[in-house]
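Shared between the two complexes below is chain A, which has chain B as its partner in the first and chain C in the second.
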Partner chain A sequence: MDYLYHLGVLFCIYVILAQGFNLVFGIAGLFNLAHVATYAIGAYTTALLAVELEVGFFQCIIASSLMAGLLALIIGGISLRLATDYFAIGSLAFSAVVSALLINWRSLTRGVLGIPGIPRPELLGIDFNQLSNFLWLSAIITLLALSSFWLICNSSFARSLKALAQSEHAAQTLGRDVARYRTWAFFISSLYAGLAGALFSYYLNYVDPSSFSLAEMVLVLTIVVVGRPGSFLGVCLSTFVLVVLLPEGLRFVPLEASVLGPLRQFLNALLLLVLIFINRARLFPTQRAV
Partner chain B sequence: MGSEKVNGAIGQTSKDKELLVLSNVSLSISGLEILKDISLVVGEGETVGIIGPNGSGKTTLFNCLSGFHLASKGSLSFRGENITSLKPSDRARRGIGRVFQSPGIFREMTVLENMVTAIEGRYPLFRTFVPWANIHSSIKGEAMSLLREVTLESKALHKAASLSGGQLRLLEIVRALGFGAELLLLDEPTAGVSPKMKEQVSTLIERLRSMGKTIIAIEHDIEFIQLFCERIVVLDSGRVVMDGSPSEIRKSSQLQEIYFGGAREPRV
Partner chain C sequence: MEILPQLLVNALIAGSIYAIASSGLSLAYGLLRILNFAHGHLMMVGAYLFYATRILLDASLTVAGIVTALGMTVIGALVMWFFVRPFSKFSPLLTFVSTLALGAMLEASVSMLFGVNVHSISRGIDFESYEIWGVFITPIQIVIVVSTLLILGLLAAVIHRTSVGRTIRALSENQYAAQCLGVDYERYTAVVFCVGILLAAYAGVLVGLETNIQPTMGNSYTIKAFAAMVLGGLGNLWGTVLGSYLLGLVENLSIGLDFGGYSLPAGYKDAFAFVIILLVLLFKPEGLFRRRSRRV
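After this line comes the complex of A and B, so read on.
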């Protein structure tokens, strides 16, 4: 039963993370490869605040989201001025910088040793060390996060982002300021990544840099591409398939565990490549000149 | 080549109220001077056609007016406000609308969503996040009524990409109207449009005129442009070389020189 709870919590974390990426990539059309870096910032913020300063649960998740958002504002301020392809390269470079900091800033992050002992909260007399209780807490937070995301998806803000992604010049002539809208999209998507990171820290009671590798970025990208970029329900469903069903299905394949892990990553990458190839015009539209 | 004003001073409007004023505007891109010392006044409610051979700077002038290129020299003012250094979105918010030569439509959206996106741009962003605000239904109502005017209401739920070239033009014009443009910059509104649709575009432009909108249109077809323009400005090599009524411009010998080096009758 604990394994099912485990899958449930993983689904909650990844669906928040993927929907954040869905906003910036699926709706705004920004190929942001720093999304997992902001997820890492959220996870480490919670780890440091909860372990070092014994800050409470809600304060930690709010601080983690805001910290990730703040970071996004810094990245956005620098790289959103770049054209979309260069923005992707800039965000990838930024992701590499965050990875290097997590490994090398040992006095703060303990490097590759990571930060252990992140205490799960105890709220209203409920002990969230019990996995079933933690799943309930994660589910409630996820429900709130997804509800707010659904509102954003159906808002004028999302339509403006879609308009900018489809014809930047036309959207500008309808009063949409490219930098302002994209910075907001980047900020909001990072709030979700930070929140997912905070939940991740509390769930594992431990964070280390290996949890925020490029493979993780590939998984998030695959979830959004499989679920159809911009689609709220599609991304929820693809998170379920890729985070819950696929690993479960692979358990029944008669192969060594050491092979299954890389096989799963290989399948994710293959799926991503095929879907990008099929939908390349839609995923990466060419902006016309004025 | 010198400038010719067929009636009055070149670049001046006959209207009482000035809407757009360009004062000695020049624009250089990569060291190449595309627009040279352009001075032009467009009055409120005026309909101005811009013609000129390929490469004369017509679209660049529109880019300069809508803010996609910033003038290297000179100044632009709209309703008396200096807009020289404003971004395209800020100029749009002040009432400068643009219809592109190659339609700038949000192709993955439906026709209705295209309209809704335009109209929503008039409202403060936070209001549209509030689910109980009745702003959505009023916006949809306005969008449908504008689509009805250009007989596109039956296509409202179709993807914009499925529209014909002429329908895309109509949608783009009516979308700018939905956003509240007071000055419409129409870049070859009939390019690639069937004769039947051309008539519809012409009717829409007439309707915009009757609404008191100011229009500046780039057009190659002088027969078409004289149907609705009261004034024509001729550009050549980045300069305003002629400015007058359509009949005066047609009669001018300078127009032949610009297009054909004076060898034969102009067929613009």
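After this line comes the complex of A and C, so read on.
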């Protein structure tokens, strides 16, 4: 039973993470390689605040989101003024800076050892060390996050982003400030990544740099592409398939752990490739010629 | 400041490797307008191919070199065929995703085949260093610096002195105009892409000979090649080459010199490439070196 709870919490974390990426990548059409880096920042912010300063649960979650969002604003401010190629490179560079800092800034992050002993919260007298209670907490937070996301998806803001992805110049002539809209999209998606990171920290009680590798980025990318970029329900469903069902299937394959990790990474990437190959003509809005 | 000459030589060596690695990336961007996120991973695959033939099959240096070159040409063609060409007609996001997936697949398959541990490919190579004017340098480092200059010279000669080179320059300046004049775009891009992959593989082998190889080395070299390219201006080949040497210089000076008793730990050396990218994007996004281009 505990195992089902575990999968439930994992689903909650990844669905928030993936929906955040869905906004910036699926709707706004920006190739943001820093999403896992902002997720890492959320996780480490919570870890440091909860362990070193013993800050409470809600403060930690909000601080993590804002921290991730703030860094996204800086990076977005630098690279979203330029063509989207530059944003892809800039976000990759940013994610590399983050992982270099996580490993090397030992006085703060304890390097590859990671930060252990992140305490589960205790609210209203409920003990969240019990897994079922923690699942309820994550489910409520996820529900809130997803409903806010649903509102964003159906707002004029999302429509403007879609228009920008399809035809930058046409949207510009209708008074949409490209850099500002895109920076907002990047900021909001990073808020979700930071939130997912905070939950991840509380759930595992432990963070280390290996959880935030490029393979994780490929997983998030695969989730969004499988669920169809821009589709809210599709991404929820594909998170379920890729985070809950696929690893379950692989558990029954008799292989050593050292092979299983790369194998999972390989299969994710292969799935991603096959899907974009099949759907290449309609997956992303091609730039409309006006 | 007696350490300075040594740092400059180290910068020259690192810059040479980056120049070989990033020139292929820059050529491909100039022609295809794609960012190849698997470039460093292809470098790593080249190094592992060399490792497999040289160390595991115990072939001679020449045979291992030839096998690596042939193998990487085939891989380059396959990548072009399956990962670039099907997508290049559609949204540029697709090639970003496909090359990123390729990189992840390459890293995963190499980890499964050879294990995640560090390997050495420098068997039978003389590591005794010479001292020249107080600077230590090994024979392999001399090979790195000299062969890079030769390759870059050859590249310059082909691009600026032959008709093939003129066609390539025409394509990178204006693809459609060149096609209207009868240039076979598909063929030229395939050849240039394969040459870029070959250069990457050579850089991978050099990295392996100079240090060692590991499946995870790919990503950081992808980013370093991007850093060199951003420094020189996207698609500007000679700017990228200069950017590579500049990157090597900055990295080595940053960790080698101490700033008033405080020196940066060596672990931050890699982070410098990334910080440079962000700084250049902030202040001089068109690159440090002006490109004389007549884009229509």
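Going forward, the second predicted complex is superposed on the first by the 274 of 290 C-alpha atoms of A that agree within 3 Å, B and C clash if a C-alpha of one lies under 4 Å from a C-alpha of the other, contacts with A are read in each partner's own complex, and residues count from 1 in each chain.
Throughout what follows, a residue touches a chain if its C-beta (ideal position, glycine included) is under 8 Å from a C-beta of that chain, and two chains touch if they have at least 3 such contacts.
The model shown is predicted, which means the values in this text are computed figures rather than measured ones.
Student: With the two complexes superposed on chain A, say which partner A:93 touches: chain B (first), chain C (second), both, or neither.
Tutor: So A:93 only meets chain C here.
Student: Given the touch rule stated above, what does A:107 touch, chain B (first), chain C (second), both, or neither?
Tutor: After superposing on A, A:107 lies clear of both chain B and chain C.
Student: Looking at A:167, would you say it contacts chain B, chain C, both, or neither? Reply first, second, both or neither.
Tutor: In the superposition, A:167 contacts chain B only.
Student: Let me test your reading of the model: by the given contact rule, A:177 touches which partner, first (chain B), second (chain C), both or neither?
Tutor: first
Student: Once chain A of both complexes is superposed, is A:156 in touch with chain B (first), chain C (second), both, or neither?
Tutor: Once the two structures are laid over each other on A, A:156 reaches chain B alone.
Student: Quick one: name whichever of chain B and chain C touches more residues of chain A.
Tutor: C
Student: Spell out the part of chain A that touches chain B in their complex, as residue ranges.
Tutor: Result: residues 151-152, 155-157, 159-160, 162-163, 166-167, 169-178, 282, 288, 290 of chain A touch chain B.
Student: Quick one: which bits of chain B touch chain A in the complex? Just the residue numbers, please.
Tutor: 59, 63, 66-68, 87-90, 92-93, 96-98, 100, 102, 104-109, 113, 116-118, 120-123, 125, 128-129, 131, 172, 175-176, 179
Student: Taking the touch rule as given, give the residues of chain C at its contact with chain A in the complex, in rising order.
Tutor: Interface residues on the chain C side: 35, 37, 83, 86-87, 90-94, 96-98, 100-105, 107-109, 111-112, 115-116, 219-220, 222-223, 226-227, 230, 234, 265, 267-268, 270-271, 273-275, 277-278, 281-282, 285.
Student: List the residues on chain A that touch chain C in their complex, please.
Tutor: Its residues touching chain C are 25, 29, 31, 33, 75, 78-79, 81-82, 84-86, 88-90, 92-94, 96-97, 100-101, 103-104, 214-215, 217-218, 221, 225, 258-259, 261-263, 265-266, 268-270, 272-273, 276-277, 280-281, 283-287.
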